[in-house]
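Accompanying notes for the structure given below.
Chains here go by letter, A, B, C, D and E, matching the order in which they are written, and residues are numbered from 1 within each.
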């Protein structure tokens, strides 16, 4: 299955129509989710009143942050074992996007935290710290790749870091249950299924799916750019070998 | 698998850590310096100092391991010794692990052993807890060194890869730091924290050597 | 040499390498059999050191394959000496790492390092550093020697010494791959020009 | 006295500090890392954090300057650049001073500029005092860098002269650290402390370059 | 050359040096006049590099005195290159430090560094590093050149180039002190054997 996707040509053909489709669907889903979330659903006084509407951005961002890191680690693993170039291109493209979504999660959480918990930031909170460090990991991944002189080396170094850093994600997921935290426990992604009220749950899930599709679309666009870039470099190398 | 090169790598690293008259003492001096400067900075209210003590030691341990580790593999890369170590026939992971362990032994362990003294300077009560804490510092430090080794190996070709190694290693330090700090409080969860600390150290010992080996092959490439 | 004369110590086929968007070489094939020597030639920056590292397994080629049938010695520009190591401790370390039981004092004497045997490398002269690293070749018998500009920094007597070592090694059925500028001092079985 | 080599030394050091993509950011990352780890370690009681804040920043500044400085002259000694700098015809003291100043500019000053942010993270109230403090951190950091430079030059030939440099530089840091910490409290003497801080910095600027020059000639010998 | 033929560029009298309880040399006297070359000879560890450093004023002799009447260029084993410096930035830095207005591009071309002009030193080949450092000699006219094993790591064409540079320099009234193993390539006016 991997080898089927590993062909850059096939990927280019696929993403040519898949990426626009992702964008269109995500616009619909996010639009509906936000419309519901910002205007239609009743506010929850226990979660800080109107500010709780930021949930429809915060929670999808948090999910995507974790998922994107895992995706990057998996892609790195595939590249490390099978050396499929497309997997490396995918990992490289996911990193900046993952960093953005992680930053959104941090920013919205922080904005939400001020009225509800009375603080922007809590240093000894395991969840906040581990999300912050996941953000650092994304930055470190990009900095490491940038500091290597060849693509091959950048790919190898990045893959090692992404795989080793993957230990962080389970910690984030379970930190809330393991440690006392200001943060509430999971109520959607739990073993017993969602426990959230349906008015909130549906718009939230729609937003979540929308963000996922947007992420997928952007990843494909970045990957396409990278593939073009590599083709140009290869052509140049060939020219120089001949000339 | 030939064990002789691994043993040699361990002995050489241990010797090197102590060589130059001062190598291994760097973190000690660092640590002691911090211990002297901190009260100077934050004042000497015993209450504050006691509250701050254990945490400062964790921070010092993390920072000092970063400083030491940056050199472990960078020097080897620059002077060509890495090329020799990669051609011994022994697995690179075992050699990297042996070297890292030696550096922990030379620099990390002394820090942990010194910790009761520093705790006393920070107005802690003398009690058996200080010895228990020293063991926890030792355990946590070992994890710090192994994760830091991964960062050091990854940035070995980048001269002055300082920020890089901090960016890479700090996130890996977090679980250990959280469990370590937690295990020295009386808060909820503090009882199981030492167990989690030990688990995270074991995990580091199991995973980090392979990551280091891959990174070192890359540095030699 | 059980399988007769067709046995080779080292062989490579179709090696190609790119460095920084520049093609260094392509389609390099070579082989070294017992008693054979191979000299790599080429102007500065042609890729001799890079090819040698590929043959040693330190660098991954962009294309092609390398097969080595035995261990090899590595002697290059960077001697692998730490500033505080002395010739004696350096050779002692590697004798131990390789499980060799050579007599250190005789190796030191042979390399002309009796006097500075206990001087830390940071105070050694350029030639003394090279001689220390060369001493590693005597610690253990290994079929292939890979030498990057072995004569650098050596005096006339040192050159002579290296030449003798190489010839002895070839006679005893070893193989040599060396990158050399100027005279090689011996008649190489093969040459690769990059 | 030819000014061209001095200017070149300054520019080269500045460039070098930023090179490798990360060089100058090391102390920044270090500083941020400390700022992140400290609350994790010492707990997050706002009262404690606010009390500890300014002092921690001084400690971080001192430690980070030590880390940076160790490389300034050691790398030059090892790669032969020192030999070239000593043969420019310009006074070695001016060259050493220019280099140290460049490193302060690249690494020390950003730390000082960052200090209000970190103070806010440590629960300080936003006020004009934070800007005044940033200036004091800048001034004190300059003294740290120059004294640290003396230590670095003295230990330039001793590879991994870590302890040496801390032993040499720490005592030199103490006056600056005391005045610096004092100038941020409300205790007795805190009014004149900034003056003393400025005086100690001036003293460092006047004396340290000559000590560095002598030490560098020794390192080349 | 106002004061006629008796003018010397460099002279030393009664130089003596001890390193680590060992007497390297005593009573070395020498002088270099315009157009003269001096070659230092001796086996590995004899003290050539040390003597050269003394002549350059980098190391203090145990006994004796050195008088230099002009600036000198220094070219030794350690090239003074930072890993991230490229040939262009390195030569640019020193041109600026010496206030020279040489044309960088022509210096790079002369040293055969056009292709790797923008490659960081950590990726340069051994010979390319040496050529970069040699380029410094062309940035500014200085009466004395001090060269420690100038041919190291250079290919045949590079050797030729250095030889030409030396000969041009001597012809234009400069002086050269060089430590060389093997053939010097030119006929030295004087030799000092350590």
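The definition used in the following text is that a contact is a pair of C-beta atoms (placed from the backbone, for glycine too) under 8 Å apart; a residue touches a chain by one contact, two chains touch by 3 or more.
The chain list, named the UniProt way, goes like this: A = Heme exporter protein C; B, D = Heme exporter protein B; C, E = Heme exporter protein CcmA.
For clarity, every value in this text was computed on a predicted model and none was experimentally measured.
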Chain whose Cα mean lies nearest the overall Cα mean: B
Chain pair that, of all pairs, has the most C-beta pairs in contact: B-D
Subunit B-subunit E separation of Cα centroids, rounded to whole Å: 45
Length of the line joining the C-alpha centres of subunit D and subunit E, rounded to whole Å: 37
Subunit B and subunit D, separation of their C-alpha mean positions in angstrom: 24
Per-residue multi-chain contacts in subunit C, two or more chains: 19-20, 22, 60, 77, 83-84
Junction residues of subunit D - those touching two or more other chains: 19-22, 36, 40, 43, 159
Set of subunit A residues in contact with two or more other chains: 124, 129, 143, 147, 149
Residue ranges of subunit A in contact with subunit C within the complex: 149-150, 152, 233, 236-237, 240-241
Interfacial residue positions of subunit B with respect to subunit A in the complex: 147, 150, 154-155, 157-158, 161, 163-164, 167-168, 170-172, 174-175, 178, 181-182, 187-189, 196, 203, 207-208, 211, 214-215, 218, 221
Subunit E residues touching subunit C - in the complex, by the definition given at the top: 19-20, 22, 42-46, 48-49, 77, 112, 115-116, 119, 123-128, 130-131, 149, 152-159, 181-182
Residue numbers on subunit C that touch subunit B, as the complex places them: 56-60, 71-72, 74, 76-84, 93-94, 96-99
Contact footprint of subunit C on subunit B as seen in their complex: 2, 4-5, 7-9, 11-12, 16, 19-20, 75, 78-81, 83-84, 86-89, 220-221
